[in-house]
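The structure appears right after this line, and notes come after that.
Think of it as A, B, C and D in the order they're written, each chain with its own count starting at 1.
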Amino acid sequence: MTGSMTNTRDAAHWARALFIREFRLGVRVGGGALIGVLFFLAVVTVFPFGVGPDMKMLARIGAAVLWIGALLATLLGLDRLFQADREDGSLDLLVMSGRSLELVVLIKCAAHWCATGLPLVLAAPVLSLFMNLEPVAMGAVTLTLLVGTPALTLFGAVGAGVTVALRRGGVLLSILVIPLCIPVLIFGVSASTAAVSDFAPFKAPLLFLCAISVLAVVVGPVAAAAALRNAGD
Amino acid sequence: MDFLGFDLGRHGGYVLAAYVVVAFAVTGLLVWIRADRRRLEREMAELEAAGVRRRSQRAKPVQTD
Amino acid sequence: MTLYDLANPTFFLKLVRRVLPWLIGACVLVSAIGLYMAFFSAPEDYQQGNTVRIMFVHVPSAWLALFCYGMMSVSSIGSLVWKHPLADVSAKAAAPIGATFTFLALFTGAVWGKPMWGTWWVWDARLTSMLVLFIMYLGIIALWKTFDDPAKAAPKIAVLTLVGSLNLPIIKFSVDWWNTLHQPASVFRTDGPSIATSILVPLLVMALAFTLLFVAMHLSAMRNEIFRRRIRSMRVRVAAKAPAAAAGRVVGAAGVAGGN
Amino acid sequence: MTSQKMICQGLSCERGGRRVLSDVSFELDGGAALLIKGPNGVGKSSLLRTLAGLVSASAGTIALEGGREDCRLGEQSHYFGHLDALKPALSTIENLRFWQEFYEPHSLPNGTGAIFPDLEAALEAVGIGHTTDLPSGYLSAGQRRRLSFARLLSVPRPVWLLDEPTSALDAASEERMLGFMEQHMQMGGMVIAATHLPLSLANVGELNLSAVQGPAGGSDATAEDTQAGMDDWFYD
């Protein structure tokens, strides 16, 4: 009864079911969406207390502060990506479901990004007010975040998959994933600062950022699925 | 910039913006509270239909509006 | 009518239903007077022109933000010390309203400062403390959302709220000190040399209007929260209620209804 | 009705360097049940998890004759473990509907689909029909076990791997569950259950793990061998 002809319709069906469930859990009570944005707001607000309210200096480091805040906020929500499923037994069933684990991980990351990553991108323009960025820089930071945060989530999924069986995996996850995300950070910040200075190129780092995100779409799920497969014991 | 025939001066736009946002936020809050109450009362009615008698209701049927 | 009589939700709901219409009526009346005075009878400021009229919404919002946090702290004490169920309800119901008014205070403060400084946000001492208060509010709301069982969450959040209220004066002082450390005394002073009565009266009327509005919203939000708790307890009973006829073993005799 | 046959030969697996299963072999025909007996720690759960493909076996083969060749046994079986795999924030029906839509169905040997394709009927059958719209956080432990079991009734898969199926269940629910197991076996399906309590099922075989591979620690003579594992190479 499960001939190949039903596969295409069937594929869309289970993928949609998984996405809806993951997104609904991410946004509902206890979900990570609100907490991610709050953490982002808190981190960005703390910087001026440290470096002082000097507007010109804040404008210079504004893009970097926003990007580092977004990176940390993404990592914050990631350790629950697989941990929650492992604790209540869903992870075993996801592995046994007969659906390709790589696709399952990709869909979970997409749902996680929509629940926690997208709010960060939407909050970026508001927070760049605190950093006294001009509108052009504000737009650049938001655009680079929009393109860059998927890569953060996907590389983070690899870390989450590896540390799912560990008790204090959340902390280790950040240490493992931050090196993977350094190129994303570098291109993101350089693209945002290049947008305001008239001689630095803006397009090149932005395109590199897109390339890294596309690469992450492949590397992330494959590596995370491999890590999850033998996390069963 | 004048508003209802009342001259608000050079920065009238900001004054208006402030008052409009305050009005918008307050009505938003009131609408949210009102909608929340209607949703909760509908849910309570459903649960009561499922035959759950609350402590206060067993003594005498209280009509909650 | 002792404090404990209020603990019976049905009594409290009857009280709210009786008091609310009066509150709303008074609020509409007072805010109408306040708005009229704010726009028509208050004179223009010699220095800032008409932008000073923003003060009539900014100051009451800021005052409400602090008043609401104070009210939440009192509720937290009630929840921790007397374990009064209504105290938890009042603390949880007040948080979103307080957060909204803090946001309004921030927004109107920024809009008021824009003509002076040319930028939307300035790290002025008062605005910065208001921003920290805003983050504390959002933190409390997020904490309420992470716990699914409100009874378990209430004491923890009450403790956090109290610690927050102890910290507020410290934050206020340190931000002022931080602000003067880095910036020359800012030229912009909200309360000006001395408030002329022609401006003070509308300010007080508007503050009263805002407070009435807050109390009305807080009571109805508390009513919602009581309904939410009531639904929660009804649901627990529905789950525990064994179905009338449980389908028995398909092959063997019909099983007896055994809820556990 | 194409009959299926599960053949498992020389199965062994390690956990943390310790050999948990050594050389376990058995066969199971369609429509039959297999009770896995043995004291705690002898590897009952590990055997089930290895069959389910959750744990990789270090040696031995698992085959399901008559089943789908391109799928591992794990993908043609249901695993009913100690954890319920339920999300408290989702309602009862949402939890069940997700698993029905997500799981890949494999028809039973006699070609029929699930025992209860309709979700409401499945919930009614396990006795929690009255909680369809309640968030499953409100359910009791027994009710959550029954909701998790409803997953097996609403998605057709030939092999059922049950780990202590009747724990946290009262008499009536246990009766009901035995009924479903028999119905599953009548449709040509297989049931492998690891349990202490005797299951009154027709046509049930037994596999005593301690007899097959010696007690948990293994007798002295084979102590070293049974401890052999990943670090075996270093044990030179």
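Simple rule for what comes next: contacts are C-beta pairs under 8 Å (C-beta built on N, C-alpha and C of every residue); 3 or more make two chains touch, one makes a residue touch a chain.
Computed from a predicted structure; not experimentally measured.
Enquirer: Spell out the chains that contact chain B while also contacting chain D.
Expert: C
Enquirer: What is the identifier of the chain with the smallest separation between its Cα mean and the overall Cα mean?
Expert: That would be chain A.
Enquirer: Hey, which chain ends up farthest from chain C, C-alpha centres compared?
Expert: Of all the other chains, the one whose centre lies farthest from chain C is D.
Enquirer: Rounded to the nearest whole Å, what is the centre-to-centre distance of chain C and chain D, using the mean of the C-alpha atoms as each centre?
Expert: Using C-alpha averages as centres, the distance is 52 Å.
Enquirer: Taking each chain's centre as the mean position of its Cα atoms, how many Å separate chain A from chain D?
Expert: 36
Enquirer: Chain A to chain C: how many Å between their CA centres?
Expert: 32
Enquirer: What residues in chain B touch two or more of the other chains?
Expert: 50
Enquirer: Could you say which residues in chain C touch two or more other chains, in rising order?
Expert: 148, 235, 238, 241
Enquirer: Hey, what residues on chain A touch two or more of the other chains?
Expert: Residues 29-30 of chain A touch two or more partner chains.
Enquirer: Please list, in label order, each pair of chains that touches.
Expert: Contact pairs between chains: A-C, A-D, B-C, C-D.
Enquirer: Would you mind writing out the residues of chain C in touch with chain B in their complex?
Expert: 8-10, 13, 17, 39-40, 44, 49-51, 53-54, 57-58, 61, 96-97, 100, 103-104, 107-108, 111-112, 114-115, 213, 217, 220-221, 223-224, 227-228, 230-231, 234-235, 237-238, 241
Enquirer: Applying the document's contact rule, which stretches of chain A touch chain C when the two form their complex?
Expert: 29-30, 34-35, 38, 41-42, 45, 48-49, 52-55, 129-130, 132
Enquirer: For the complex, give me every residue of chain C touching chain D.
Expert: It is residues 148, 235-236, 238-241, 243, 246-252, 255-260 of chain C that touch chain D.
Enquirer: In the complex formed with chain D, which residues of chain A make contact?
Expert: Residue positions touching the partner: 1-2, 10, 13-14, 17-18, 21, 24-25, 28-31, 87-90, 92-93, 95-99, 230, 232-233.
Enquirer: Within the complex, which stretch of chain C touches chain A?
Expert: 119-123, 128, 131-132, 135, 138-139, 141-142, 145-148, 178-179, 181-183
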